[in-house]
């Protein structure tokens, strides 16, 4: 079976991670996953939320939004509607959780890393691309803290990356584009670390329930895709830093 | 291993579904799952959201909130903060999605069923209890439409119920109470239909990643719990209606 | 004259106060006044609003809301409309004022008692039922402070309860249900203490003005109703505490 | 007993009603009650709220606000706080109710009269002054409708005016200024029509409960004050219109 | 060419500045520019925004709003729409900037002067009238600080006033009224100090672009108008204070 | 005098207009002005705001925002603060006004062009870059309407572009970067059309007033800068479209 964009069922779209394309953030990455493009930035603030004050522990938090021009129908801004979009709220909680799962917050120290994922072009998989790109932006910000002597080693404990999988017209597919996603029977987002363990699994029977056999097949596909995403992260960071990151 | 409340590792808390305890809603259920208590109501509105107008299709949507007194620390109302809680937004989207997965929206006709899940006492598992209770409230509202002659048969296609599972101190546990939930390493919410198929799976490595073996164990536990939840739903509806619901 | 629910003109509906039916609040009461049902909770916070800091004085404040399923037409949540309902705002100010009128705030000490009144079923008289129930929840929370040794005696100075009265079809009626309330010519809410003194009187000529003679008649009716409400409060607290509360 | 501003216990402050001092509104009145000054405007809109569409009935609604410079401490604007002040919400509901009590909404026809009461200087009694002034603005707007031939007669059924009374230092006082109001034991707002009947009575035991005897005394004082307010209204409208208004 | 209100092309409308007509603000001015009327108040707060804390520098900030009855069509309140009007936001930023341009913030000391400009009647030029009136209110508030011994000299460095100019039907006009403003091809607001220097110039080609020659003509007209506005300010302050203000 | 980035006093930064880099919008341009980068998109909606319905006239409106990572200090999102930033509101009104000044809205027909300018990197001049880039995005969207046969000719009447000028340390400078802008004594934004006429002039004496001579010098500088911006627009559109746009 060949997909409309020429991919086989188990192929992810080409991923490209462009680092340092913005001036101000401590870490800035443009991730392109096919036609999906997300600007991921990481900015360090030398303070923590009230619940962490005095604990010696740091924090990583994320915000996610879509530009009005990122979608086919112009997407109204949250501030115009006067409320944060429910879907955005759900996604930014997921991004924050995923990144924190591979950070030793004590080792980070009492500071916050603010992650911002702004989708400039949406063609499916924006939340998983955000996680994959945000991880790189976060590590770049941490490297900058090391360069300044504020950290002696990278406070990450592992890689983390994400991919979507789903069932369309009876076929199990890796990395759904928008066209596939909107007609998928089953849709799943999987987030894994560098050891192949799960950080988060979110599977939804959009058009029909799914069986245990399907679940197993989708998880196997996802694992394959995530390995290639981590490969891209490793390459981007190695190119950038000229050395291996510390958790390897 | 015996849990602090005397349960074994694979026991859910006692579930109680009280129907018809409110005067106005078309369907009203108080679900008690141990000390967790949620008021689930279903109200029919004879109109649909703009995107369904003229399509002949109906809609099921849900809202979820916690009363200020439902938690140990008083929970500030959303209106006081001026914004919908991110977690609530995520949960109410999940409830709506789960219920719609077992409703034939065409058969429902151009009307909306509004589901409201208001947690009056929270002791873990409020989102899964909400789904389990809301399903019964929804069916009661549909039965009322049948009594009025507005529907000739129940537009549900199956049962749907939910349960939480997780890993605490190395043990895989069914139906976490708050104490267990807040110290869980891995936390998973599973929603299934009456045939044992998945509607939604959401697993999170709260304190550490989880392996494929753990995932398999947790899904098996969840299946067991959901069967008992559906048993409780069946009993409540049979007691109430004196007959079997139509999708059986 | 016999009312549609069988009551005579000067009869209140049966009142039931269920204490301790929720796990977390310091005081929790379900008040049922006929088909009107309100969950009243009291929670202690060991701090006061800025204007009382350092004064040695405590505070009692209240919030009031109606669940979407409490009314015949589903009541939209405030957070969906983006603003606090004007009527709710008015009622919660009234509840707070009424309770504070019988509390020695100095004796309470620098802490706040948060009262929450959430209407789960509305059939007229929700604001007066809220006051009557909230008083009991507040006293239970204070008793808990005494049990913990944080207070040496109850900081209340009296009982406080409330009832509605009105004129319908020329008849002066005690404790209007929704049907009566919505067709009342004159509508009055009266709040009194245990000595039969007024805390608040709010009378409105809904459909026509009212005379001094009518005002006098309605106040007499209200006094009778409030005595029976205080009787129910006394019984609930005595049952609960096995002793008389300290302001008697 | 002589009050700090030289008044006896049963004297209201001098009231001045200036009509036509603004260009755009259909009716515009500046009411000055001692140092309290409120701009009251009435503007006609040729449509009604949805619940009245097609009923042939009109509507009168009111909004109330205080300018930042109206109070001793600058009053923050509602829009800065992001929410309507609870007290303002309560007052504007009262103004609307009071005015509607003397309007034949059917005779007004399917149009809305928008009343705006903006306090430019506050020295006690702003809500009662608003009602007294707004009535005159409303009648002026109705006269304008008659001048245009849109109404054949004034759709008011009576006068309506308001005054505050209270107990301070054991004395029953008419028309409290801010200094008296802030130290009052009992505070009451009374709204009456031209026949001396009650439209609304709101009495609050601010510092202590109040007895039936006190209530009676305060109502008698209020009646006296309201007669003088109606006198001022009659004079303002007669001066303005050169004729008696139609409900006499 | 004679304008519809009898003015020649280079005549401003009569301006009237009434001081001390409100009780509470430190400075209060009613400015009337033809039928445009704005209440300008200045209130001193003995604290500064966070970014100035500990710098020894004070602050001047402004808010601007229109009463609902100030315009021909009733203007909905910001709080009803739930957001600050874009135009109001723009204007209040301009007022604050203009006033700060003539204040030595260090000499003012760590305190804030809150300026409020509330338009009670709008007939064109409300923003420029606000600046002209607010300057006088601000100086009165500063004089009060001097009277209290909190300042030894006036911290203003110059006068500041504003006027609108525009092109209508080919004619360059000074001080546009609403009728002229709404049909203007070009519209310009000019703010100058007492030495004839520019503080702000905002010119907009409403209906068509404008040439350099037109720009020059409009600036000359504006200079003339501003001189007469400063004349009115000087007279109001001299009448009020019986002496020349300190920056002359 | 050589500026810190090597430019002479009358040099603008290099400008780059990248078209078609996003998939969904009808027109999409990335404008880079030195380190300032703004994504400008134009999307057509086949309806108009209520005030234009049935008039045959179209509309052009703009929104402007800065990504959190666009500034040195992370810029909090509007939705987090709950209100639209005052500065953003002012800028988006300016962008809309500027674009409409060169569009024949009747010729556009009853449709709206939504312009979105999202700053991804801010180094001064973001509002003027937005206008220059948005014009190109708007024309591309119009060309697309022509390609679809919905318009027979381009409804623009001219070019429009913008630039900032200012006085820093006594020098008049073209196109201020952030460093210059934040220390400028005088700051001016100028918007001109292709004929060298003014669309809008906004000059502010940030640190001191400015003289007529300075104003004249700055306008001359701006004219020079705008010509080069229009040159860049012309080149981008010619490259893109392979033909001259219709208003030449």
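Every chain is named by a letter (A, B, C, D, E and F) in the order it is written, and numbering of its residues begins at 1.
In this text, a contact is a pair of C-beta atoms (placed from the backbone, for glycine too) under 8 Å apart; a residue touches a chain by one contact, two chains touch by 3 or more.
Please read all numbers here as calculations on a predicted model, not as lab measurements.
Minimum number of contact steps separating subunit D from subunit F: 2. At the far end from subunit D, in terms of centres built from Cα atoms, lies A. Two copies of one sequence, subunit C and subunit D, touch each other mainly through matching residues, since over half of the numbers at the interface are common to both. Residue-numbered contact pairs of A-B overlap by over half with those of C-D, the repeat interface among D-E, A-F or C-D.
For the pair subunit B and subunit C, the distance between mean C-alpha positions equals 33 Å. One inter-chain figure worth recording: subunit E and subunit F are separated by 29 Å, centre to centre, where each centre is the mean of the chain's CA atoms.
Centre-to-centre, using mean CA coordinates, subunit C is 59 Å away from subunit F. Subunit B and subunit D have Cα centroids lying 51 Å from one another. Those residues of subunit F in touch with two or more other chains are numbered 82-84. On subunit C, the positions that touch subunit D within their shared complex are 83-84, 86-87, 89-90, 92-93, 97, 101, 158, 192-193, 195, 197-205, 208-212, 215, 219.
Chain contact summary for the complex, subunit D toward subunit E: residues 22-25, 28, 35, 37, 39, 41, 43, 45, 63, 65, 67-72, 74, 77-80, 83-84, 114, 116, 118, 120-123.
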